[in-house]
Amino acid sequence: MPDLQRIIDNIHAELLPQLGTGKVADYIPELAKVNPHRFGIAVATVGGGSYFAGDAGEPFSIQSISKVFSLTLALGKHGDALWSRVGREPSGSSFNSIVQLEHESGVPRNPFINAGAIVVCDAILAGHRPREAIGEILRFVRSVADDDTIAIDPAVAQSEQKTGFRNVALASYMRSFGNLLHPVELTLGVYFHQCAISMTCRQLARAGLFLANGGHMPQTGLTVVSRDRARRICALMLMCGHYDGSGDFAFRVGLPGKSGVGGGILAVAPGQASVAVWSPGLDEHGNSQLGTRALQLLAERTGWSIFG
Amino acid sequence: MPDLQRIIDNIHAELLPQLGTGKVADYIPELAKVNPHRFGIAVATVGGGSYFAGDAGEPFSIQSISKVFSLTLALGKHGDALWSRVGREPSGSSFNSIVQLEHESGVPRNPFINAGAIVVCDAILAGHRPREAIGEILRFVRSVADDDTIAIDPAVAQSEQKTGFRNVALASYMRSFGNLLHPVELTLGVYFHQCAISMTCRQLARAGLFLANGGHMPQTGLTVVSRDRARRICALMLMCGHYDGSGDFAFRVGLPGKSGVGGGILAVAPGQASVAVWSPGLDEHGNSQLGTRALQLLAERTGWSIFG
Amino acid sequence: MPDLQRIIDNIHAELLPQLGTGKVADYIPELAKVNPHRFGIAVATVGGGSYFAGDAGEPFSIQSISKVFSLTLALGKHGDALWSRVGREPSGSSFNSIVQLEHESGVPRNPFINAGAIVVCDAILAGHRPREAIGEILRFVRSVADDDTIAIDPAVAQSEQKTGFRNVALASYMRSFGNLLHPVELTLGVYFHQCAISMTCRQLARAGLFLANGGHMPQTGLTVVSRDRARRICALMLMCGHYDGSGDFAFRVGLPGKSGVGGGILAVAPGQASVAVWSPGLDEHGNSQLGTRALQLLAERTGWSIFG
Amino acid sequence: MPDLQRIIDNIHAELLPQLGTGKVADYIPELAKVNPHRFGIAVATVGGGSYFAGDAGEPFSIQSISKVFSLTLALGKHGDALWSRVGREPSGSSFNSIVQLEHESGVPRNPFINAGAIVVCDAILAGHRPREAIGEILRFVRSVADDDTIAIDPAVAQSEQKTGFRNVALASYMRSFGNLLHPVELTLGVYFHQCAISMTCRQLARAGLFLANGGHMPQTGLTVVSRDRARRICALMLMCGHYDGSGDFAFRVGLPGKSGVGGGILAVAPGQASVAVWSPGLDEHGNSQLGTRALQLLAERTGWSIFG
């Protein structure tokens, strides 16, 4: 599909003049140091194609995109029992809101807001030490990306640990309701390290391919999850993947996606491709501004929207 | 596609023993009179096929499903300007919640919760008398269903008008913020009549076909909306079509849909078909219990899920 | 007590340079027409003394101060049964918030926020036509003020009726929960007329005297309410009389009081005196800015604080 | 005042049959061990009188009553600057709600809900080590009670520290807004120890006497705070001393008071007396059920209500 490379090149070129708009995340000191003038796109197709533009080979902090991988892992370990501890509904609130937890007895709305992702980490931690749980998440990401060089950025992990008071609040709050089974600092240790995984757009696009391909990795033929589970993870990404901007993303882009405050977005075109974009400037909901626009153009020009 | 008829027949037969579970809506006296032992399924494919089972030919009150048609009509009249008066995000609250309006200056979260649909009616009312606006909505529904026998049930409309205090509250509240341009009773007159449209599953499935077919009616070749708008209406249906049960519906069914408290659901399988189901027993979010299960089985057996 | 006159004169003189600060209520067109440079003080002591300064003889719209009189009247008719329909707790929210109603099944937090006062009017309306209920409230105010010239300003009443959408929302909302027994427009008719009562500071100070004097009018010897009820009305005024500025008023002034958006405040010094102040400029909670300061100085200089 | 002893004896005798109703606090394991059949009353008058009945000499965990003393201490150190970090309004929510913090940028509504008291402890901690701050609070309580035997119960302090996840959440949340200046565990160390102070009703009644006596200790002649500050602390106790049951307490009792989940209440009759009651059974807001009734009867029979 030679067109795909041209489409990506054109999108990159058209959006380049807008580079630097949006606001780089500054609530974690390490993230604030990132060069705002970065912009990368990578597409991996289920047919084995691989296309990229711009800074697609530069690693960035995937942050909340990691929640897709840890959810997949936790579902593999606990199955649907996980859903007694975390819901599957859009939250209607910002990513770190605590209000909903008070109204709903410490059960987070979905696994992609911070509180929900902390519960997911707590579920992965069961029977393990934090170091082991972190290792397990990292190994899983490496395996679906088919790339053993992927690593955690220790400076980012430490930076999160030092300043993540709001996450401590969320975790302690859920623990007061009995919805966290391990000491807060252990579960958050896992969470902060998971968020600090560094990946390039190329690695990320490959890592998401099993979701576009009915649960199988086309690269290796390995089955990661059942087709049904792949679908449902995509459904959750569409409904909840962009916090209180999820509706707008579905409306404009029409693809399941998950954003991170590092400026990355992983999007899935079922049956077609996995796409990763990265540009650090964020919109008011904490989603990459240029990344969203790039995905909107890509969906328009490829016809990949899941809505027909 | 002879299989499709068999699939529907099987689903109908399998679920029939569960008939009568769930709770029939009783907040409008007229709706409470409906026989809970009704269950119909109709499928209209973009290729012209038409399949049905059970009570697919019996008319029922479409209630909130009408919001899909009035939104389509209002977008045709006002275009994207409509989005300054109503949002596009899931609400995270029940269908008649007023809390969010107070926190967000009288702008409803989306056009499918009551407050949002009232704003849409207010937009359609612009420059018209209520009777004309109601006529326009009814004519639009008749045209997309290609069926001039569709009518409004006056008993239901009156019943709503007499007991709809909560909708009066929502409308008055938005008027206090200047987000309702007509007197409350006029706008609600339109709204209550729209909700009282009666349709059969067969009519409803036909009426939704333009959304499955890129904006065109395959029956007549008429273009109702652009492909892009059809997609976006589907995106809104998926994100917000089932109130605070939208996430669960997307997770289990994986199709854009819109439910009504009359027990109907309209679902769209882009590029494939439009589906209408009806069974009056509702779950705790106000969505048809049997209808949801029927759609889940249908999506599983046809592979129509938009998530691959 | 010749000192009292001097104290009042001094306070009036000291605060006069600040006249015109604060924001005149503009949400009712008629109120917006008031001259912001008005400032009156009147004190009526239980011993029969009467002191005033500034514009104490000029009538103004008492607005929410009327809620003290209608509550007294409703308690006389219904006794403690009234408390099943309205609470006795500070709301923590603004005067016209609807959020709390949704969370607490349509029962307003207290009788001095709008929703609560509407319920009180609904209770007074029982068995009457609106015109009669309005007449009853007006007669009651005239009797406790011992002044038959007190009247309702029809222009203000009409102005409220035309623009009071938020109050329609509150009333309709409570009606949907069954906590309003009459049609919304009838109950609000009573409410809007009650708020439109016009009084001077002198009249208002006299009208509050029974609350300072254990339920008896020292002027006439008449018993209006029992000592116990007088105390409890004062308790409610202290806790809830200034909306979400009640805590600050108690902290600074230390007297039970009730404010109105017309710029008036009625304060009670138990066993001592009743005080009325008026100045139209409001603070951010909707309470008279200069009026509050005047009462703070008065409490300091007389030692009337109920807190010792 | 020989009557006062008889009044107290009668109240004690009348209420004794109701002993054991209400629910003993169980969220801290150590508190759950308390014998629910305890009931003590102590009154200390500004004239030097001292009256008691029942278990007035048995120590109990004063819990949130300690917040009155730490607030007094913090105001002495920081003056009105403290009010930039904590509000003075009733919260309208339960004692450990976190919702309000999210809506108001981490500034608690008042110093008597948990979040507010934690901020007060943080202010006392400034420039100290936790051990010193705890010592300072204990010394202050001993000095106003004129009794050096008062101590902290280490088992209760430890019990709180082990299970206080919700307080960790509140503190971490405020730290994320910059409204906590010390590490969460240090500030909470102070808070948990303060709550674990053990006192008898007799000691507590004496300790509150300065608030009833214009800021001076009648026992020793010492000035603890200015008359104005004593008044304002009383105002805060009235407005916020019983969480979301404050309105009801003011309505029924009419005295400034502060309750603790250990079942104690300290009430102040300005110019008259300080009263301490204790009975572990709590009502639904977390306030001593029998203690509240005892205070209601006492206020009725002495005429001490601040509302006349």
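First chain written, first letter: the chains are A, B, C and D, and each begins at residue 1.
Here is the rule we use: a contact is a pair of C-beta atoms (placed from the backbone, for glycine too) under 8 Å apart; a residue touches a chain by one contact, two chains touch by 3 or more.
This is a predicted model, so every value here is computed, not measured.
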Quickly list, by label, the chains bordering both subunit B and subunit C. none
If you take the mean of the Cα atoms for each chain, which one ends up farthest from subunit A? C
Distance between chain centroids, defined by C-alpha means - subunit B, subunit D (Å): 55
Let me have the rounded angstrom distance from the C-alpha centre of subunit A over to the C-alpha centre of subunit D, please. 47
Interchain centroid distance [CA atoms averaged], subunit A/subunit B, Å: 32
Residue list for subunit A, restricted to those that touch at least two other chains: none
Every touching chain pair, please? A-B, A-D, B-C, C-D
Complex contact set, residues of subunit D against subunit C: 87-93, 100, 109-110, 211-214, 227-228, 230-232, 234-236, 238-240, 244-248, 250-251, 254, 256, 270-271, 305-308
Residue ranges of subunit A in contact with subunit D within the complex: 97-99, 101-103, 165-166, 168-170, 172-173, 175-176, 184
